[in-house]
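So, here's a batch of structures to check.
Both complexes below contain subunit A, partnered by subunit B and then by subunit C.
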Partner chain A sequence: MSLTLWSSRCSVTFVRQCSTIFTSNFCPGPVSVSGILQHNSHSPHQLLHHQRTMSSAALGRQDGGTQSRGSTSGAASGVPPFKHPHCDRQAMYAQPVRQIRNKGGSYDYDLVVIGGGSAGLACAKEAVLNGARVACLDYVKPTPTLGTKWGVGGTCVNVGCIPKKLMHQASLLGEAVHEAAAYGWNVNEKIKPDWHKLVQSVQNHIKSVNWVTRVDLRDKKVEYINGLGSFVDTHTLVAKMKSGERTLTAQTFVIAVGGRPRYPGIPGAVEYGITSDDLFSLEREPGKTLVVGAGYIGLECAGFLKGLGYEPTVMVRSIVLRGFDQQMAELVASSMEERGIPFLRKTVPLSVEKQDDGKLLVKYQNVETGEEGQELYDTVLWAIGRKGLIEDLNLPKVGVKVQKDKIPVDTLEATNVANIFAVGDIIYGKPELTPVAILAGRLLARRLYAGSEQRMDYQDVATTVFTPLEYACVGLSEEDAVKKYGADEIEVFHGYYKPTEFFIPQKSVRYCYLKAVAERHGDQRVYGLHYIGPVAGEVIQGFAAALKSGLTINTLINTVGIHPTTAEEFTRLNITKRSGADPTPATCCS
Partner chain B sequence: MAATQKKVIVIDSKSVFTKILEDAGSKHVLVEFFATWCGPCAMIGPRLEQLANEYSTRLIILKIDVDENEELALQYDVTGMPTFVIIKNGVTLIQFVGSNPEKIVSVVEKYVGKVEDNKPGKPSSATGTASVSAPAANRGSSN
Partner chain C sequence: MVVTHNVKGYEEFSKKMEELENGNEAVHVLFSGGKDENGQSWCPYCVKAEPVIHDALKKAPGNSHFVHVDVGERSYWKDLNCPFRKDPNTHLIFLPTLLRWKQPQRLDGERCSNQDLVEMMFEDED
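After this line comes the complex of A and B, so read on.
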């Protein structure tokens, strides 16, 4: 029984739009170019419409300065303008968009975008759409350990979201085959994954996206330069390419260089350890793997490695999923431990040594007890965080301020230097997510070249951790809500639930849990939604729009659920944490 | 052009491509723009080898990897793979996309003639194809 990835439910839009590669008789070029890279359903038309609605709202505000800004509400009369609870829109819009003469000057280009990833490409293409002359640089420095490289498209396409989701899918499919037996299928349960075939399929897909990206840039008349950019002065950049150097001048620069994985400063780290940059094209099987780091990258990698039959261990220095709701983070970790993924808590690695037989000896230490230990692994994967790529830009030459290894920007994505902007993972303190980068990049281009006023709203961005049992959330974590409003002003509705499909194969429902963090009094506006369970991203996406529209608990519980689904559990929330009642469900359907 | 095991010639540079077109004279040249990561291209590969054998005297089949030969891919405005081009005397007669064996065969038959016409002594049946007399002669078609 061969499960080919071609026919899996891929989230890549151009495949959907042009029918799957497997069933069609050709590998699609950019026939329909909208939404290729971002893997969300934003088409230029939809966003343009949204922007027009927003602009008219912005214009309306110019006379009454004190009225609260409408955000997503249209022109519906009688509806009071929505005042977003934790975002000071007045302050955000108080700073006017800088009017600079930005087109048709004497520079080589109106805009040079440094970085051909999610943010850079979206910005470059949107700028061209609005009449700018644009060049986009992209360059990938090979990984220090294995020399891994990849094509244009950035982290998400090459070594991030896309290969991650495909491998996550591969591992879930393996699980599904075993579950199928319970549903009556005569499957050979001794199925084994073929790592090389998986890697080849994943890489083939990535290469096809690289190709489409290149052609799309050509079609859109964005000049693509495969070179490493560094500043000479505020209007001049030098691009170091394989074939030599090239100097470019531009009116405006957008820095969208993104980040790369960090390596720890311990012996053997760089020589023997790999990162997510290497994992998705690894030529040998990972085998018994030590994943160092318990952020979403570490957990997701450990998760799919387990599903593919390898033995991952997760080494955690302090907490799991830093920045996320910690109750949910612990449930995710427990669900992984339940699946047989051991967690070495409060532990840091000390060194990595290669043995004669090729295995890696990792020495580590418990930071609480000081106790040392060691273990042999086939692979060591560093997932301890990502650093912004400011080092090659020569920022001091132009005086762009940095914070740690990122670039701080204002609400217009402007740096402290007037004609230099930054967008995407490189900016300080904002979610490092593809859809955020894309939207921010597009809005920036519109402000520069289409006279738009709209700023990027970084609040309430929904996200998903693709661990074997997925976790998705939007809005505030419980602890952040408590910090912001005080425990007395917060009500948390929660419950465990049992997905219908889990019964027959007797899949564990122990960690299937969700909660809504809301205002305690008044309208009971929902501040945050958290869900652990299957297809978590699909479940939360719609609720993210609801939250942005001002969802209240009243509306939520008066929404009729779709049955049988797991998403409907949000409409059935009725037990509060405060009541102390047992959140474990007794029955379904009532 | 040398008599190798595989009849389909893989192009690795623009200069090789130009030379082959020149040396083809008035023979038809079928070019396939492919990619190593393109599934449908891999599927059509064997059929092309077969065609190269069937039409060995009247048709040269070339394969061009778009990742290795960007300039050529750009020159022929290739966006999807596999893209097929039939060239004669340096002129593009037809260009189409898709790994559809029936379509490829019918296009080749339309421009080069049917497979049977290769066999010596058999009267020509395709329109515009020169009659093939002695097997040793290599006159090429007249259309």
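After this line comes the complex of A and C, so read on.
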């Protein structure tokens, strides 16, 4: 069955490739032609690879090429439509990209993008660049507790990566000043943070980014509509704006509305608790803070609050950093506890009450022992997860399927409704990361308007948790690798290390640890890399490219390190977990 | 009607801003290269931007201020220690620069002669 499917797909794709090349103005040259001749003997994987190269070459073509491509897509109509997008990875990537007539219809716009965050903006700008008429809607509902709202740009710019990284940096700088004394700086006065000034600086930066974004949209001729979109039918949307309603029609819609933090269903949660949506613009000092939730957002917030001199406590219902490698997650948690951030384990909040003096009384319960407790805090921060913003879209009206509060899409980011797509945090089961959203949005626009066939690859995306001691990783966690390949087929190389610059200020090196999860036999292909230590993101980014290029343990350990860095520790990995040998370094320079 | 002010050099500029920044009205500031005796600026983008900006000024709020700053001669501006570059409120890097005083709105270089963007700046409500 699958074999016949394969061959039919291959031949169809082959026809499409030929017609593209021979009918377009683009001159392929001898190299491409020889590429075509080899097609028949190629495995599907190689064919795919070739397609990808071709499509990037095809980007340079003039519009005439798109026309001829459009006509050949009729030949591909015999290909069965997508039914189970997540069941057969290989087959779904072999599906030809559906080409529909996307531009110049009788609608107000070729494309309306709902959501002006990382995904939506990238998609809208790329679509305009390729000749589409585009409008982009963006609307932020104020938070329920403090009424916090913000401008265009989405979560990352306004209430996510950007303010988070800035506050993390503020916290690291405080730490650095303390270390500076050990390095011979005369740091006479006791330093103290100024929350208001920090918030002001962070918000000023965000506002200038908002402005630059709007200038960029205007400059690139993307119409920006500050309104909340709601579907009327598959080609019509109503934008609810401050000044009233406006109806827009479009050939294609892209849903990129993203998500917002969840609130727990307990008394006082919405009235008295805040979320990361409020924290970065909080007008008062956070003070003693209960951070509920130990995902990356909770840990990062607790981390910088501690660094800024406040007293955060982290409440964890079950596990820390769900979805991440659990050995690393526990090391991160331990490194935070070592810095004086208490973790209330196996605990859930029951209620939040406001005292006469303004303090918040939180009652909570241990889910295992049933034991109850209570404590007073200045701030309660919910970091229990995020939900997709599907509610206002009126999706039932157009029949777009949802899964929980997210939208499932196929490998073309298409929903079950032909002209409606979705990208970014709103899609189901994909990493909720800005660079993922940007690339997926851009690639979608190129497929829609530039005849591209390249799809988003959601695998092996590197990411970083900006806790005081940072954690970055790329590829599989150890447990996922074991699940996928079996414990007998996995080799884990690991080691603790001592960053050179930690010695003089006598910083703790107890949690500076890294590991490579690899294939046990054969080439020893690297499946995942994990690193806890300084500047983790900067360390892992380059290795992510190596991993995507098929990095092996042999290549890794034969790569000469840069001394003295912490990244070089990856080239020095030689102890396997299986050996049982001590992974702690003997001396400073061994 | 927008109130227009013309100042020359850093001192006049600082004094003018001190005078205006206590008001509630928006203050837009255009920094451009100095002009010779024929009224010609040494900075080509400034020459291009000036008519566009003056034309778009009618879109600015009626009670707002517009300050045209003559930064000075080319050699003075090209000195990296030029006070206009050092001032934390201006952090001027390009000429021309059009900005809203102590607000995020800012356009520089060729964008100052893009009518659409200049009007957007004058009309912006935030």
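By our rule, the second predicted complex is superposed on the first by the 496 of 590 C-alpha atoms of A that agree within 3 Å, B and C clash if a C-alpha of one lies under 4 Å from a C-alpha of the other, contacts with A are read in each partner's own complex, and residues count from 1 in each chain.
Note that in this section a residue touches a chain if its C-beta (ideal position, glycine included) is under 8 Å from a C-beta of that chain, and two chains touch if they have at least 3 such contacts.
These figures come from a predicted structure and were not determined experimentally.
A.B. asks: In the superposed model, does subunit B or subunit C contact more residues of subunit A?
C.D. replies: On the superposition, B touches more of the residues of subunit A.
A.B. asks: Going by the contact rule set out at the top, does A:N366 touch subunit B (first), subunit C (second), both, or neither?
C.D. replies: A:N366 sits against neither subunit B nor subunit C.
A.B. asks: Quick check for you: in the superposed arrangement, does A:T249 touch first (subunit B), second (subunit C), both or neither?
C.D. replies: The answer is neither, since A:T249 touches no partner chain.
A.B. asks: Please indicate which partner A:S208 is in contact with in the superposed arrangement: first for subunit B, second for subunit C, both, or neither.
C.D. replies: both
A.B. asks: With the two complexes superposed on chain A, say which partner A:Q459 touches: subunit B (first), subunit C (second), both, or neither.
C.D. replies: A:Q459: touches no partner chain.
A.B. asks: Need the overlap of the two footprints on subunit A, from subunit B and from subunit C, as residue ranges.
C.D. replies: Of subunit A, residues 204, 207-208, 211, 215, 218 contact subunit B in one complex and subunit C in the other.
A.B. asks: Quick one: which bits of subunit A touch subunit B in the complex? Just the residue numbers, please.
C.D. replies: By the definition above, subunit A touches subunit B via 6, 21-22, 24-31, 203-205, 207-208, 211, 215, 218.
A.B. asks: Where on subunit C does subunit A make contact in their complex?
C.D. replies: 103-107, 111, 114, 116-117, 120, 124, 126
A.B. asks: Hey, which residues of subunit B end up touching subunit A in the complex?
C.D. replies: 35-41, 66-67, 74, 78-82, 97-100
A.B. asks: What residues on subunit A touch subunit C, complex-wise?
C.D. replies: 151, 204, 207-208, 210-211, 214-215, 218-219
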